[in-house]
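The data blocks that follow each hold one structure.
Two complexes are shown next, each including chain A; its partner changes from chain B in the first to chain C in the second.
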Partner chain A sequence: MSEAAVKTRAAEADALTQRLDALTLPEAGFTAAARADALARLRAMGLPHPRDEYWRFTDPRPFNAPLPQPIPLEETSPDSPLFTDRDRLVLVFVDGRFDAAASSDLALDGAEIDILSQAETRADHWAGALYGKLEAAGQTPVPRPFAALNTAVAADGVLIRVTGKPAKPVHIIHRRASAEADVSWHHLIRLEPGAELTLLETGMVGARSNGVTEVDLAPGARLNRIAAKRAGHQKLGFSGIFARVDAEAAFKNFELSVNGTLMRHEAVVEFVGDDAVAHVAAAVLGDGRTGPFHHDDTVFVTHGAERCESRQVFKKVLKNGAVGVFQGKILVKPGAQKTDGYQISQALLLDDDSQFLGKPELEIYADDVQCSHGSTTGAIDETALFYLRSRGVPKSRAIVLMILSFLADALAEVEDESLREDIAERLDAWLTRHA
Partner chain B sequence: MSPTTDLDVREGVDRETVETVANMGSYKYGWDTEIEMEYAPKGINEDIVRLISQRNEEPEWMLDWRLKAFRRWQQMSLPKWAMLDIPEIDFQDQYYYARPKSMAEKPKSLDEVDPKLLATYEKLGIPLKEQMILAGVEGAEETPADARKVAVDAVFDSVSVGTTFKAELAKAGIIFCPISEAIREHPELVQKYLGSVVPQGDNFYSALNSAVFSDGSFVYIPPGVRSPMELSTYFRINAENTGQFERTLIIADKGSYVSYLEGCTAPKRDTAQLHAAVVEIVILEDAEVKYSTVQNWFPGDEDGKGGIYNFVTKRADCREDRAKVMWTQVETGSAITWKYPSCILRGDESQGEFYSIAIANNRQQADTGTKMLHLGKNTRSRIVSKGISAGRAQNTYRGRVAIHPKATHSRNYTQCDSLLIGDKCGAHTVPYIEVKNASSRVEHEATTSKVDDDQLFYCRQRGIGEEEAIALIVNGFAKEVLQALPMEFAMEAQSLVAISLEGSVG
Partner chain C sequence: MLKINNLHAKLEDEDKQILKGVTLEVPAGEVHAIMGPNGSGKSTTSYVLSGRDGYEVTEGSATLNGQDLLEMEPEERAAAGLFLAFQYPVEIPGVGNMTFLRTAANAQRKARGEDELSAGEFLKLVREKAKTLNIDAEMLKRPVNVGFSGGEKKRNEILQMALLEPKMCVLDETDSGLDVDAMRLVADGVNALRSPDRAFLVITHYQRLLDHIQPDVVHIMADGRIVKTGGPDLALEVEKNGYADILAEVG
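So, the complex of A and B:
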């Protein structure tokens, strides 16, 4: 190794030490072993570098910095109006810490809900066998250092074990209380055979955030997860979802993202039982007018069982220098016959300053499969725009309508009609505001 | 144990048939020519570089250029990003220069060339006599003589043994000769363009090639000239433990046109051999180049023993407005292929096309694709890639489409389809898409599937054998690419597709 390379390595090791020294590890409990293991793994893999292939489109350095830049609190109400007009069980996290006073009672028929920081000191907890396990499994073949970091240091989170079919959704709401909060939470969602749950997650997260959600679906379970976290301007956020999907189970995940300086969403899904379904979708709106916007969706779906169906639908609307990234992969292991894998990533560039960077990958080791991916990038169709205008629709409204229709495929991945309508309204409002 | 006994055999196929086919040994060009050779000492160092330069009677500037590349190479490390499992290569354990002894004194014309060498090319079906036409072209007899002329530069290990139709081409102002000759006789062109598309330090293998390339073809088409015939180079590796490092430089001056063909074969040997070529194409205003390759290096045997490591850098630079390039490749040979013929679309309204069929059978590994770099306005590119995997092979399409901020109103369409035959092989797609302006449109589509059971059943029902049926279906799958090939190659490619898949059923 050359002298320069040795120096770089040493500097990187320093950065990792500094980053870790700046954090406080929570008191030991049933997660102690998993946290120690994650820390050891993180030290072994190191923090990502801009030269890493997995970070070729997104600069990880702001995530590596020991502390985030403080971001002043918003003057307006931090709560998103999304989903608030329905019956739900509300769990509020303020700067990543559970706020019992602001939350609902944790009792829910068909589910067992605990808060990580409260339950952690118990020696035996069902979550003990799962915490960090799916995250660790998702580290091959590509290392995901920020997820390991999260497992090691996450301050709080929710632990949900569903045995039946709860009558109402669980709604996690994030709020901010300090300008410099560097927030990390770790949720654990386990659905027993045949169980069903709708999980909503909204709100405003800290100046920098790191959220990991581990999802374990037993045979026949169904989880619908809809996340619409508001990053606000100038904020940094990493999130990772690690899902293990057993036979005949269904996992539907939809994320709505608007703004945020630097966002990286990783979704890692593995089929371990036959005939299961997983859909991962996102609608992303980026306007660089209020500050830089860089949004990265990185997805890795592993087919390790027969006759499973996976769908990845990612739509990005980018303007004023916004950058959208999509790295998606379908891996079909030997023997995963009759796999149906589909992936689409599309970007609508509203001006010449915006960019779309994509790497839609297939890696296939079984022959009796149908796998396809598509990716398109382009501007608004002038002919369609002309048509709408010739019918008397004002130009700005016509553009909003066309963007909504562009996003429709992603939105269609939200099964519940009323939830879907709520999101569509929110999108319409945002687009009209940013027209 | 026979290599096929642990494979799943499709229902209805006699195991005996599968074994027979597997043991048939389908590589047609696996023989070698017994000829006295002259080698440079094994290994690579500055002295070897000097020796190659001296053998080619090169001027000082060329030697300096090579040494600069060599020093750069020593600083570089092997590229590891491809989805290839490459056994460690000992760069000191092979010969970098080998020429037939009879070539020590340059023959003045083809008549003086060693008959053994001529016989080699005759056996390969490559016409080195000007009155001959390419063998194996059905119906060629009826075509008028002028229309089927193909000029050939024949490269044997490290040297070019002869170039046909040189005089006739010279009348049109076209220079077609070995690059070793161009360095001596057209230094102004070589100095201006060599390394201008693929710089010495572009990658590990291009640096190695720049240091030790021994021969290759040089083409210059003057302004406004349409080449009266197709030009071709045929590469033959014969000597054992010898790497072939050829360099091709094609310059299409303003408004000119040329169609260029490239073919290659090598004998069957137990040890793997290295082939690291560089092809540079410079295309000026309104000029057009078609470059077609049928790559049929020895792929190694059923167990992956031997074969050629084909690590090639090919790039075309559409340097001026409305320049056009079309790459067509049929990749059936080589144990390992690492090859990405690329287009730099620098001129406004320039165009790049890439059509590829890559077939990997047995233990072959291929990581191949293209790069389309859109720099000029209104540039267009099209990629059609068909990958076929059989046996225990791994086949990867890797491509990059980059639309720069200034390349407004550009367009790319990419289609890459993979076909899997058997459940022990792999097919992978790794595209990179970078779009940096809104007025351009980029579309990428990829599919992976297996040979359709219904189609196979239909063929079988009509009395077509399974292997033949698969070859038929695969030819249909690859039709779009086969159609882009010049006629001489299309025929060869079609039968190659069938040969390469022999023994893949099951």
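So, the complex of A and C:
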């Protein structure tokens, strides 16, 4: 190793030590062993570096600072809150801590809901066997240091075990109370055989945030998760979702992301039973005019069972120097015959300054499978734009319609029509403001 | 209604002159046809009139009821009463036909200082017009032109025309890609919209569309100019003898 390389490594080790020293570990109960294990794993793997294969397009160093830069609280939101005009069970987190007074009663027919910080000390809690397990399993073959960090230090989160089919969705809402909060949460979602749940997650995240959700779907379970967290400007955020999908289960995940200086969303899905379905989709909007924008979706889907269907549908709209990244992988293990895997990642660049970096990967060890991917980068179709304008639609509105048209495939992944309409309205409002 | 005078236009990126002095007047209530061989500038005329990007007008004028069309954005031309029925209507996935139609109709009403139509009023209006054009209500629910047959796309153009009630309609090779029955249906739609205060400019290669949409005046276009103007008989002459005779005659 050269002298320079030795120095670099030493500096990185230093950064890790500083980061770890700055952490306050929560009072742990049943998660203690998992947290200690995660911390040991993090020490062994170190913090990520642009040298790492899966960090080549996104410089992780801003995440590595011991503490985030304070970001002033948002005064008002230009949008009305999402999903509020329906019956829901609301769970509010302020700077990553559960706020019981602002939340609904936790009782829900067909589900058992606890709050991590409150349940920690309880003996024989179901979550004890799950906490950090799927995250740890998701570290192979690609290390995910920020997810390990999360498991070690997450202050709070929800623990939902669903046994039936609750009549209403569970809605997690994030709020900010301090400018400098370094927020982390860790949710565990376990659906028992045949159970169904719709999980919504919205709200404004902290100056720096790190959220991990572990999803464990038993045979025949169905989870629809729709996240539309608001990054606001200048924020740094990491989120990881780790899903284990058993036979005939269905996992549908949709994320809407707007704004944010540096956002990295990782989704790690593994099929462990036959005939299951998993769709991960996202619509991402970034405008560099209101602050730097870099958004990275990194997805890893492992087909470890037969006849499973996976879909990755990612659409990014970028302007004024915004950068979008997509790294999507489908791994088909030996014996995962009749796999049906598909991924599409597309970027609509609204000017010459924006950038999309895509890395689709397929790794297939079974011989009777159907796997494909597509990735495109393009501008708005001038002919279609002219068509709309020739009918009297003003140019700015015509552009919004064309962008909504571009995003339609991702939005179609939201099954519920009224939820889909809410998201479409939010998209429309953002696009109109940023026209 | 529409006055085009000595219109010259070229492609923005190339030096190739396409229109070399088109002069033409379409009075209210009349239907004029432009016929001509491939590459004569028929479609370019329609694009320049409607304001498509990529063309540069180097000389001449085009006015609609005295308003200078060439100074306006495409959406302003539409609000002023110009409508272009596309040769190849564009598919726009993810945007509902109904949303599109209502956005267009209300944008034009707003531009003209008229009240916008509510969703309910608009739905009623669309259903009524769609029925007269034999358009399935299902088609209105689908994304704009996506999965439409050639005939459905053209009928959708005519439906837009019926809803937007333009003063001056330019039909760019509306007959292309249509079978005889579809062509008749589209022609019926156009004929239903004929009125003393509306004019049509029908661009076509073939005479057969003009069997169904009877023109008052026929213009022959060649090499970027109107080279001959006559009555409906001129179209029959083209059908019988081709363009060669006429082009030879006008030199």
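Everything below uses one rule, namely that the second predicted complex is superposed on the first by the 431 of 435 C-alpha atoms of A that agree within 3 Å, B and C clash if a C-alpha of one lies under 4 Å from a C-alpha of the other, contacts with A are read in each partner's own complex, and residues count from 1 in each chain.
Rule of thumb we're sticking to: a contact is a pair of C-beta atoms (placed from the backbone, for glycine too) under 8 Å apart; a residue touches a chain by one contact, two chains touch by 3 or more.
Note that the structure is a prediction, hence the values are computed from the model and not measured.
In the model built by aligning both structures on chain A, chain B fits alongside chain C without clashing.
Judged by the touch definition given at the top, the superposed model places A:401 against chain C, while chain B stays out of reach. In the superposed model, A:361 lies in contact with chain B only, and not with chain C. Looking at the shared chain after the overlay, A:81 reaches neither chain B nor chain C. In the superposition on chain A, A:389 makes contact with chain C only, while chain B stays out of contact range.
In the superposition on chain A, A:409 makes contact with chain C only, while chain B stays out of contact range. When both complexes are overlaid on chain A, the residue A:66 reaches neither chain B nor chain C. After superposing the two complexes on their shared chain, the closest approach between C-alpha atoms of chain B and chain C is 13 Å.
Chain C makes touch with chain A in their complex at residues 50-54, 73-75, 77-79, 83-84, 86, 89-95, 99-100, 103-105, 107-108, 111, 143, 160, 164.
Here chain B touches chain A in the complex through residues 81, 83, 405, 408, 418, 420-450, going by the rule given at the top. Within the complex, the chain A residues that touch chain B are 53, 334-335, 337, 347, 349-352, 354-379.
Residues of chain A that touch chain C in their complex: 381-384, 386-395, 397-398, 401-402, 404-409, 411.
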